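You will see two complexes here that share subunit A, one where it goes with subunit B and one where it goes with subunit C.
What follows is the complex of A and B.
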């Protein structure tokens, strides 16, 4: 199975086509196809991950050897992200079966997104990465638009325009790098860029374009404007999927670009490059949190929370030492689980009670104890209460910042815990310590929620997946330290 | 002789057993065990023993014998045994004697420690045990004991700071003389000796730090005073020697001279017998400190000779004063008089002790004080003021001598010789008499046979190879000097007797710093409470505002910006503008 990396990208593509074709035969057949594909994807990613931690797996596409051909490179970090993509997409499927959307076209796009994300995670070629970035982007725009009503269409349009600009900047950056070096392979680029000189304006411009392009995709403040609309405007299943994966994989791409392509030496040679990252991190953490506090709609608040949490990851990239990068990886995984879980729980609660705003969460514990409990647990995990995974990630990042003596960043990172608490405490207090001020809404059917999802009530799959997310947030926390050790060689290679 | 146990062990055993054995048997055992330490420390081999015993995990030497330690140990153990005898016959409670012995034991531990850690450990222990000894008496002694404890806590902490500083510099606590110790003796660095001088200065009663002395020692039981007057200050002198073992310290030497004059002068104003004697401790310790501060072999020998002699006669003085209190119940000289006829033994012992402390020829004080004064002449700088052949420090010490004469003439005159005592007073009881006569005999013995004293000293003051100027006790000018001081004292007392009797209580520094401490503490407490209240208010206000902001952020933003409504959303156009702006900023940042 030496072609496993290629199959990992090919499988969801194939599934996507299959789902579309199946729709021609019979409607509502997309879900089973997606389920099978996602399950295969999980198994494939799992097998790949079990190999990649031992030694880097690489695959040359079409027999054209690197640096001329396209290469897929899977190390511990890529394998982690690929597995994360597979698992989350499978889990969201469990939710979307009842919650919808149910069209075959939706699942075709869904699987296309998975293909794009997996491709981004395992490619070893920058242009190939751009291609997958565009696939991911286009699929995501389409998914956001899959909600009914003007709001999701408008959100999708905004996402499309802003996202495309971001991807174009990324492409422009690749172009600059290509002009400077004549190669597109990441490993080759890193040596060629060093040969050209890290202080060459061409190289610096390439870095700036690539980073700003990815900043848009990661949704770093103030380039995040597309993100709250997209998350809040799309159906619940879609918000969970894209919030858990799209920005995460974009952040992964940022790590790849910064450390594999440009390397730590570039950061050392260009203090301004590091300043750019630090500025993005600090601004995101602080303003993301502040904006999250000021939201009234739950999903928007969760979206801004993501802006703040990805600030932490960018901060870890800026710190650029082993501990911080392990922390960044753990936080990427942890955030995906927790934020995906939170969006799904928010959807579940909205389905069951119709509550979609912060005020409507008052006294939720009486109306929907399960939803309130899971939401509370995930929120606390997000704040970083030990032993949840949110704690471990932040802990490593903070530790890394302290080790690197990046004091302002360390202070902001520690402060971020308080800021996270600020917006979640507000909801926790309403859910658990207040009585519902108005008449219970549980009887009232949510009038065509903004996602426009046809609501059939809460299924076992929906409950199962949110409970699993909550459990995973805690269990991963206990495993995270061991995982950190497992990841150490990968990160060392990344930094060397 | 091979060492068996560190010398404090038998004493601490005695202290632990004493309360359980009954008064008589307990005191007998205690006297025997404490007395046994005298030959033991005399015979034990010099050098470091029990080096494998580590205190708090640091390399330490719990039993280190050198000539200085031996001298301290001999006299400490001897006066300890005499003190037990005196305690028994002065109706001291067994538990009090037990406290006293634990105090003796910690002092013995301190002077036989071969490293700073052991020294400071026993030093602090000494402060604790002596406080207990004072407290045991109850009444006014409790508050005095508290002040004593506070001051010694501060002193001990300063000394501890010095020792830690030393450890940080050298990496070891050991003394230089001990195997494995550092190369230079004394405390390393420039700050440690200063800290140590201040910390030890509390114990030896530097002027300004001395107020605990006359405050504490007159208050407890008469037998307790006998113990107290010996150990703390003398261990202090020993500690000062360890801090400045080589060349002394000019400032310390002058401080010694000032203490000698200040203590004697203040003593002259006192009417409480034990308070008067307490000031004399300061004055006499001044001679020793001057000797340590001068730092030559002659001066150090003189200082330690004076330690030895001083313990004898000062113990004796407190015993006689104790007997007077014991028999008459009076503390004040104003209410006494004519006791010589009633208490001939006590009066005799007092006379011997007074002549010794004043340094009259033929008594031990004359010998040792003479050595220090001689060292101040031959081994020390001239100083700013000199009259003829007399240098500044020497003059101070001589003036202190005159003052000593004057105040003891006063003591003797008012207690024993002036007027008649109404009523019938018995003399000291048998045990007290034995204790007093024994010590008095030693005072005379070491005064007449000065060679016996010289044999005990760490440096041979009669050997030209050892000291800069060979010391002879009985030379004509020296004896004349001694007698002249006595005559000056007599004349002086005759002159000031009238004004002195009209004089009320003379304030000392403690009348300044006791209220100072009280009001200072009060101010501090009030300030801290108020500050806390302010901080609390601010914290509560901040919390309230934060909660309000979190609950209603739009209103908060509107309040801050002064606008009714704030929109935080960006449309597509503005989003693109932002992307562009960030890109330009990033490029500008990187490309410049």
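What follows is the complex of A and C.
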């Protein structure tokens, strides 16, 4: 079982091929294959996580010892993200059984995305990370395009072009770091970069290119332009999956690059590097929220909300102390659960009532109490009402900023709660305290991105997942402080 | 400056290609040309890696050849990156075919007009 890390990447790849092959025999057989693979993935990631918190698990690929070969390294942080990827992809599968898309090709690409994301979270080699980043990207572009109509194709092409530029900048940054040091292994890079000197222009340029490349993937303002179109243009199950995982894993990669490869000493030696992170964080939080307030479509509003929430995570990276990093990890997990849940709930409501815009949510509590209730609960969790997980993440990040005496950042982080409330309050007020002014206007707006399901096609699986997400947002909040203590050794190792 | 041009010419060309590619990607209204621009941009990066592997007067990295050797690693990396680039181009062109079917145009402005009418 020592080859578990490699199997964790291989299993979804194998499942992806199987789903495609099964489609040749019989159509619509992709879902069971994907379900089995995702269940195996959850078990594997769970076992790995139970070991990784005690001591770092590493695996040498193909017998080429590090730093020459590729190494997979799993510590508490990467195990958390790998487990998150596995669990969320299993949950979204339960939703997509009824909501579609149902083709085998869709599930093949779905599993390919899981493979790419898992690979990114457990690799210990920067070039390997680039390859997984591109696999993730390619699968995500194809998934966004799986919606019907021209809108999803246009969103996917935009995502592809912007995403490729981001990944290419990341590759260029790897090139700079490679020329400076002659190695690609993350642990080796960090010692070699220190030997070259943190104030060397080559090293500084490598940092800037890697970080900006990942900013594109995380969707930090102003490099977020692909994200609202991609989330709003794709089928509901895809927008939930992508919003919950793709940016999250990119943000994890940012933590890895900044702390494992460049280390805290680099940030101390280069105030400009820290300013870059702070600027990205502040601008994202503020403008993401402002843009979210001005949206009329629910899914676009949720997408801009992600821009602002990832600003918080980037802010925590800029603070670079133990508390803030624990907060960043909790917020990454919490945001994945809450935002994935919100997108699924929005999909559920759209399937049941046809409502897809903020105005159509008026009086939703009467028409669809369950959807309105879950949406309200998740929205409040996102705002940061205790004891939900959204509160714990923000609490840690804000506390970390105060500990580091990063006052401007601390103010913006606290302000972000109000800003989050600003855009969710609009919806909460319409859902609970207004009567529906007229019949739902779903007939006026064709559900462009719908997977082609009948309007009342809400399945037990869809409701189950949505309720589970709401429960998880609350339960995780109560567990988060214990988890923070569990994560402490990992974060200490990351910062040393 | 002249000295820099003479000794670092290959790097300059690589970055020039990246610039040309980015300009095409942003400036051209035609979707196919955008994808070509993306390819040119990536090619610039590939050449940058390959250039970094070059050692003056070195032989190919074969045990039968005399030292010094050029670095083989960037070549391997770029081989992977080229495969990634080809897949990206394939997906992009596939999407463009769908967009053309839907909107009957490859020009960004016309597509936007048709989309706004929907």
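We take it that the second predicted complex is superposed on the first by the 479 of 496 C-alpha atoms of A that agree within 3 Å, B and C clash if a C-alpha of one lies under 4 Å from a C-alpha of the other, contacts with A are read in each partner's own complex, and residues count from 1 in each chain.
Just so it is clear, contacts are C-beta pairs under 8 Å (C-beta built on N, C-alpha and C of every residue); 3 or more make two chains touch, one makes a residue touch a chain.
Just so it is clear, the model here is predicted, and its values are computed rather than measured.
Student: With both complexes superposed on chain A, which partner does A:157 reach: first (subunit B), second (subunit C), both or neither?
Tutor: Touch status of A:157: both partners.
Student: Contacts for A:175 in the overlay, against subunit B (first) and subunit C (second): which applies, first, second, both or neither?
Tutor: Only subunit C is touched by A:175; subunit B is not.
Student: With both complexes superposed on chain A, which partner does A:149 reach: first (subunit B), second (subunit C), both or neither?
Tutor: Touch partner of A:149: subunit C, not subunit B.
Student: Now for A:108: first (subunit B), second (subunit C), both, or neither, which partner does it touch?
Tutor: A:108 sits against neither subunit B nor subunit C.
Student: Just subunit B (first), just subunit C (second), both, or neither: which does A:207 touch?
Tutor: After superposing on A, A:207 lies in contact with subunit B but is clear of subunit C.
Student: First (subunit B), second (subunit C), both or neither: which does A:425 touch?
Tutor: Only subunit B is touched by A:425; subunit C is not.
Student: Now for A:165: first (subunit B), second (subunit C), both, or neither, which partner does it touch?
Tutor: Both partners.
Student: Which partner chains sit in contact with A:127 here, subunit B, subunit C, both or neither? Use first/second/both/neither.
Tutor: The second partner, subunit C, only.
Student: For A:141, select first, second, both or neither according to whether it touches subunit B, subunit C, the two together, or no partner.
Tutor: second
Student: Return the residues of subunit A at which the contacts from subunit B and from subunit C coincide.
Tutor: 157, 161, 165
Student: Residues of subunit B touching subunit A in their complex?
Tutor: Contact set of subunit B toward subunit A: 546, 549-551, 553-554, 557, 568-572, 574-576, 578-579, 581-583, 586-587, 589-592.
Student: Within the complex, which stretch of subunit A touches subunit C?
Tutor: Checking each residue of subunit A against subunit C gives 127, 130-131, 134, 137-138, 141-142, 145, 149-151, 153-154, 156-157, 160-161, 164-165, 168, 171-172, 175, 178-179, 448.
Student: Which residues of subunit C touch subunit A in the complex?
Tutor: 22, 25, 31, 34-35, 38, 41-42, 45, 48-49, 52, 73-74, 77, 80-81, 84, 87-88, 91-92, 95-96, 98-99, 102-103, 111, 115, 118
Student: Please give the residue numbers of subunit A that touch subunit B in the complex, ascending.
Tutor: Listed in rising order, the residues are 157-158, 161-162, 165-166, 169, 201, 204-205, 207-209, 211-212, 215-216, 222-223, 225-226, 270, 272-273, 275-276, 291, 293-294, 422-423, 425-426.
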